[in-house]
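Presented sequentially are two complexes of chain A, the first with chain B as partner and the second with chain C.
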Partner chain A sequence: MAAILLFVGAGVAIAQYARVEYVDGFPELRKAQGGSDYIDFGMELQSGDSVVTGRDDFVELSQGADSSIRVEPDTVFTIREVETSTGRQTVMSNSVGSVSYRFGRMTGREPRIGTSTVVAGVRGTEVTVYAGADGSAMFLVDSGEVEVTSAGESVSLTEAQGVEVPAGGPPGEVFEIIGRAIDFSTWSGEKQDEFLADPIGSLRGLEAQLQDYYGELIVLQSLYTEKRAEYDAAYADLEDAVERFGRESDEAEMIREVVGPLGQEATVLAFNIRYYALTSLSLRRYLLGQMSVEMKTRYILDRENPTYTEFVALRDSILEEYESRITQHLVAVDI
Partner chain B sequence: MLERMKQILRLGAVALAIAVLGVSCATIPASQDQTRVEGLLAELNDAPVERLVELTARPFLLDGEIVILERDVEMMWSNLREAGFRFDDVSVDSVGPVTENDYLEFGDTMDVRVWFERYTAESAGLARVRTTHGVFLIVTGDTEEAGLQIFGFTGPRG
Partner chain C sequence: MKKTIILRVLLALVIAGLVSVLAGCPEELVPVSIADRLNRLEADLNANYDNVYTNWHPESTTRQAGANPSALETALPSSETYTIGAPTISGDNGTTATATATFDSSVTYTNDTATFSMKKDGDDWFILSLSVDATFLPTVVD
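Then we have the complex of A and B:
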């Protein structure tokens, strides 16, 4: 797994996914390879990089000639990649905060956008994505089309439509944006209030979402183990053929034709295992972590309060499962 | 002549004492100096929340949680203030450098272990502090850019 991950990492490091066009304040770039730096004009973001904005920060990114991304204050925006049945796809998400996208004419594969808990497909779109402290998301479409899928259900949004998606649940009713006063600050405050009114419910939403990711990981891990065993066996055959018939022999060449694709398939699976592990990490860090800090500091002098003790018990059981399922797929620079 | 020799020796002893004192002061980083840590805690009790955000290193560690966003640091201090929490009647049981297994006091997780490896200052200190609310473990650090800051804490215990 490690060797394959290194290979994937090397491939990712070359590609660049967005360029910094405008910066206000002192936003931070948390790099995929570890470490962080202040963001400056002209910087290129790579897959795995995150933009972290503070209270007074703002960043505008571009993608190609006619696509732009506005990262609003108090936001964590990340670019990742995932392999799908139709090839590698860019996924841009905000774990918390607000991001607006304007995609021009799509010339290649369309990106996916979303939050730590829900992802949507887009087509020639201007859309804003809100990520709330309780794990819920809201998509607001100005133009184009967006298909939002969560908990096995999908809704399609077109111009001037929006939808809210609770963490771990299906999308809600599609609503018309026109005539509604919607701003992130108000919405985010409401989500915060909803979390405080029912912290256990919010935690259960995150737990459900993590269970979805664990399910994907179990399938991927099983396929990877299988594929890796096939690859290792084929590679052993190749070494044997090279020794018996020579490096340039027809026998060795025949086996090479099997080994190459097997290695690629295993690499794709390892790549997607990392995608789900890192998405789980974002959810754990920015949603579960924020909830924990909120509750700990509110109840620091009232730690026997049943609301708090119930929260801590559930949180600890979620973290125990996270530790056993996810951290094996992470490396120190991810933290 | 003897008197002059004695005077020179006395001056030498004083100079040596000053030098030794200077060296010992210079070798204790602010993050591991009890008086400086007590001063930091006093400021954390009294300063406005905006100042507390400045006195807080990020990523911050609260128990086993890594706090990255400025917004969340601000929320943390605001909540503690609203709850009426202070590091009251502080007595420092111990203060010294962070050692290899100290992370276990915060949590036996990858997050905590890596946070201690990657995000504490080079001269990080760990203070065990007794307050009216119980015992806290406080990680401090002293950097050129920000001076003495709180990097994390866990507690109360007991």
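Then we have the complex of A and C:
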């Protein structure tokens, strides 16, 4: 008899990955396993893949028979999976830009959607998610229900409701969409203006979000260390029993029944650590990267400007902490 | 005379290069069957642990998380020697299939039955999920 090891269930996951139904322009696919490729009709997005659209690009994806995802121009959309105590869950997010979701009948576990900084649970929903250059997000619900959680606070949205969430902060007041004209370019322009008006504040919001991820990682790492120590001790006993009594002895079998579950629990924790590390990488790459480029462009002839120097100092400090907390969990293929 | 020798050396180098290229090609050009995939997994577990994750399908969490080999350590300890038996394949519809095979290692596994969910990516088969004799734990597939 042996330990049980289980990696990634099959059934539900297949339905929850996305297939390319329509492409306009020349969007790019950044692959989970590294490198990039063009996007074409019929391609299937896999966990960790990102769709990157330019100013004139548009991609429509499908999930199963009755769910669709519209990736609008100037957007980075990523699909990932996270291991939870009750199984896997799909997380779809846009770190910048705008994505509209229409979920039909849910088969299996409901996905989570959001931006690099906020996630939301959905139930039979048509929802649009905007991600601003300053790390803020806006959720607009056409139908169904969405629960948006950020900074430990949640709000529930139903049909024709929306909410804005600043980076690293709790959700704002829920508002009614009806009678309120909203389009992404206007909203994004406003967020861009807000970012440029207060780049330090935006950067602090991003920092707060990263701190949330670091907090999750610290908890997971602590649990993993604990579980790993238990596993290592049990594994050492197993090695000892194998050596003393034989590989197929009753003594070894009894210890295997302890080693197996410990190994599985530790593996799930290790996978979740990787998830948060990769999410932090996405935030650093797309959001912080975009903010830096924007500031460099804006202050190209005025590098001594106090706002720019303060931005650079804070950015460097964020990067330093990122390096110390996240890089250890990444490998070359992630980057 | 000297020119002829140089030409012969160059020709020999070109032939050697071609031979090495052709020798390297077939493995990449021939589709990876289910049995090939399990053989590769066994080989990687035993001698090339950093590449174990590459045997998983690109859409699986294991492929992404396992790119950091330490994430796999408590599932498939790197210090052990593994033997995977010849697979029995069922439900092959050309895209997905299930393979069962004996799964043995020097410490953790003792001729257990491993069930591999397989899925094709292009022409190659990859592992989507793996479970090994879940006698005392439920097989936690969503």
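Simple rule for what comes next: the second predicted complex is superposed on the first by the 318 of 335 C-alpha atoms of A that agree within 3 Å, B and C clash if a C-alpha of one lies under 4 Å from a C-alpha of the other, contacts with A are read in each partner's own complex, and residues count from 1 in each chain.
One rule holds for everything that comes next: contacts are C-beta pairs under 8 Å (C-beta built on N, C-alpha and C of every residue); 3 or more make two chains touch, one makes a residue touch a chain.
Model, not experiment: these values are computed from the prediction.
K.L.:
Quick check for you: in the superposed arrangement, does A:Gln264 touch first (chain B), second (chain C), both or neither?
P.N.:
After superposing on A, A:Gln264 lies in contact with chain C but is clear of chain B.
K.L.:
Scan A:Val242 for contacts with chain B and chain C and give back first, second, both or neither.
P.N.:
Second partner only, chain C.
K.L.:
Thinking of the overlay built on chain A, is A:His329 touched by chain B (first), by chain C (second), by both, or by neither?
P.N.:
Second partner only, chain C.
K.L.:
For A:Tyr17, select first, second, both or neither according to whether it touches chain B, chain C, the two together, or no partner.
P.N.:
second
K.L.:
Specify the partner with more touching residues on chain A, choosing between chain B and chain C.
P.N.:
C
K.L.:
With both complexes superposed on chain A, which partner does A:Arg228 reach: first (chain B), second (chain C), both or neither?
P.N.:
second
K.L.:
Who does A:Leu278 touch here: chain B (first), chain C (second), both, or neither?
P.N.:
The answer is second: A:Leu278 touches chain C but not chain B.
K.L.:
Let me test your reading of the model: by the given contact rule, A:Ser100 touches which partner, first (chain B), second (chain C), both or neither?
P.N.:
neither
K.L.:
Touching A:Leu301, do we find chain B (first), chain C (second), both, or neither?
P.N.:
Touch status of A:Leu301: first partner only.
K.L.:
Pick out the shared contact residues on chain A: the ones touching chain B in one complex and chain C in the other.
P.N.:
On chain A, the overlap between the chain B and chain C contacts is residues 330.
K.L.:
Once bound in the complex, which stretches of chain C touch chain A?
P.N.:
So the residues of chain C touching chain A come out as 56-68, 70-77, 96, 103, 106-110, 112, 117, 119, 127-137, 139-142.
K.L.:
For chain A, which residues are in contact with chain B within the complex?
P.N.:
Residues of chain A touching chain B: 30, 34, 52, 54-55, 74, 76, 96, 285-286, 289-290, 292-294, 296-302, 319, 323, 327, 330, 332, 335.
K.L.:
Going by the contact rule set out above, which residues of chain B touch chain A in the complex?
P.N.:
62-72, 74-76, 79-80, 82-85, 109-111, 114-115, 117-118, 133, 156
K.L.:
Spell out the part of chain A that touches chain C in their complex, as residue ranges.
P.N.:
Result: residues 1-14, 17, 31-33, 44, 46-48, 80-81, 83, 87-88, 108-109, 228, 231, 235, 238-239, 242, 247-248, 252-253, 256-257, 259-264, 266-267, 270-271, 273-275, 278, 329-331, 333-334 of chain A touch chain C.
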